[in-house]
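Next come two complexes, and both contain chain A; in the first it sits with chain B, in the second with chain C.
Up next is the complex of A and B:
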């Protein structure tokens, strides 16, 4: 399917933002997601939409490494949460992504508005292992230790299915899905030891790591395996 | 168009349909890996076997 011009611009902005998050997770400098001064311009608007698309992972360095978020960065994140309320009939992944952002905002800025009710997760219980893995990979920003929700509980009930999905994603060369599933697997109990998750993540990084969104998930998985304080 | 979607598009210059598509992407079409690559990975990863398993059946077209 042909993509619109704005869709291409948005994808580029998401990639740029993911690169800056990866840099911060590596311990480098974290370029700001967007500065308040440009949020009202066209470029700033795209940057704001990119924050919404990357979701709560836009502030992952603060969550995983415990570094205080830059106030401007936090302001842009808040604006993204407030500017993109999901429609009531939005897809579960859209609802959960917004819920995760609101949760991250409350965590990093306790003065922010009260929390949203959790969306339902019934669609995951009835999903095939292939669909489960795809949806979990899309919702990889929810994969954080000690941050329980209905999606983490659904994933926790099906570690073998997620492991199968990880292998399938690797074999299909779907590196984003593999990286997201790998991040989930670092948190789940009951993952088959024969999976070789560590080597699998190395392979995903080798093959797909030039995509910042893949690299972000692999970095997150490694930090989680190393016991990042959350 | 609902007003909320219009506001989002005016704010960002990005149609809300593009944002929702990015938030809930369809699964990519698979490009299946060469079994030799799987074997090399499995051999290099020690006592793991899953990636050396037979290829996942390809979906039938039509």
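Up next is the complex of A and C:
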């Protein structure tokens, strides 16, 4: 029971954090629902875990809009990056999520010594279009304009496959995957025009936008499409 | 690419089942007028169309071809009573296109009945035939059948293609079951049921090459075998068919030992006639997909060697 109670708490914290990011991306008040401060308490532990789930998107407003990060948020983010390095044998998506967080931390906190070495991205080149899209959706925080890495290059080589994965996700009502794939597609060249991406993102928002993690990706995609500077 | 033998075996089993259950192709002369005598003609027409494809492609084994020929004879002589039932249907509903649609593949295979032909030619002259309200895809099919019959299509097919869902190449994520069946039938009509893959306009072929893999993936996972079979036919009509291995393996695995193909997930239970009415179509489609895909696979082998 305690396990499921913690898991519910974490899901709630992730949703609250995503909501606050969405709010900031909209230009509204940045309600700091999920940053109770870095303390050795259950609440602090949950907040750290929530940041790790959202990855570098936890600071997306600062990355995309250039707004200075809140010092408390930055402290939680730094702790999430520095205290929990992934094991060397972690799944590629975990390694890349950590790498993305470290990159964001270096940008927003130049004093950070978080590592720069890129993990490998070979697993994406050998992946079916279904797996490719799923993995890219998990790594949607890497979908940023002008930010190259091995994952963005792998995505850039397969725009049709990512578009297929978007269609698959919409058909399956997997709105989080669809939104993440849609965010990637706004950045890629060579996406088939018949996809109808713009209306597709609106459709994903209409159907799944009550989930803040979906809304976050749709908002991010719109900002990317509008050419947000990074 | 999928093992050609696996693809071929699906069609062999399907024809065996259809032959064993040929009495399922039955009309109901005493049917309630509210349902309509012509409702039960569709399976007979589909059987003839697909047997025609089987002869045309020439990839059937000798027993498969023999069974297909006997199935056609049975359908013409027994079910249609040598065409008399088509005449009766025409007299019941003179403006209905169904007798004409059922008759066409039989005529192409050498069967004939003069009175059905007179009705076909007369209907062709009627403005009511042109005005008869049907979906754009069915209308395209009617004009294609007029051309195949030797009549000048009214309206011309070129005027009709643009009215179909597929020709507008819409957002692929909006496709659901009914739309998918419209897509498959538009392709059947544009290619004369796979005979002329060049009949697909290049933009439609490109659109299908891009999005068909997603739809195949989706309806495969839903175990909608009837629709999956039609999508596998569409694949075989493309300039570069994928002959998707995962889909073909699952399609073959879904087929019953006696050759029946369930429509959705597993075989239904019920009286033999009820079961026939549910599974005859996916089983016919399995034969159709198998013949076309086998033919394309063998052509590719021939080109590669």
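In the analysis below, the second predicted complex is superposed on the first by the 220 of 230 C-alpha atoms of A that agree within 3 Å, B and C clash if a C-alpha of one lies under 4 Å from a C-alpha of the other, contacts with A are read in each partner's own complex, and residues count from 1 in each chain.
Following the convention adopted for this analysis, a residue touches a chain if its C-beta (ideal position, glycine included) is under 8 Å from a C-beta of that chain, and two chains touch if they have at least 3 such contacts.
If you're wondering where the values come from, they're calculated on a predicted model, not measured in any experiment.
When both complexes are overlaid on chain A, the residue A:85 reaches chain B alone and has no touch with chain C. Once chain A of one complex is fitted onto chain A of the other, the partner contacts of A:168 extend to both chain B and chain C.
Once the two complexes are overlaid on the shared chain, A:48 sits against chain B while remaining clear of chain C. Contacts of A:205 after superposition: neither chain B nor chain C is touched. Of the two partner chains, neither chain B nor chain C is touched by A:57.
By the touch criterion stated above, A:160 is placed in contact with chain C alone, chain B being left untouched. Of the two partner chains placed around the shared chain by superposition, neither chain B nor chain C is touched by A:215. Residue by residue along chain A, chain B and chain C are tallied for touches, and B comes out ahead.
Look at A:195: by the touch rule set out above, it reaches both chain B and chain C. In the superposition on chain A, A:73 makes contact with neither chain B nor chain C. Residues 130, 163, 167-168, 170-172, 192, 194-196, 199-200, 203 of chain A lie at the contact with chain B in one complex and at the contact with chain C in the other. Within the complex, the chain A residues that touch chain B are 4, 6-7, 9-11, 14, 42, 45-46, 48-49, 52-53, 55, 83-85, 87, 90-91, 93-94, 97, 130, 134, 138, 163, 167-168, 170-174, 176-177, 192, 194-196, 198-200, 203. The touching residues of chain A, counted against chain C in their complex, run 129-130, 160, 163-164, 166-168, 170-172, 192, 194-196, 199-200, 203. Partner chain A is touched in their complex by these residues of chain B: 2, 4, 7-8, 11-16, 18-25, 27-28, 30-33, 38, 41-42, 44-51, 53, 55-56. Of all the residues in chain C, the ones that touch chain A in their complex are 169-173, 175, 207, 210-211, 213-214, 217-218.
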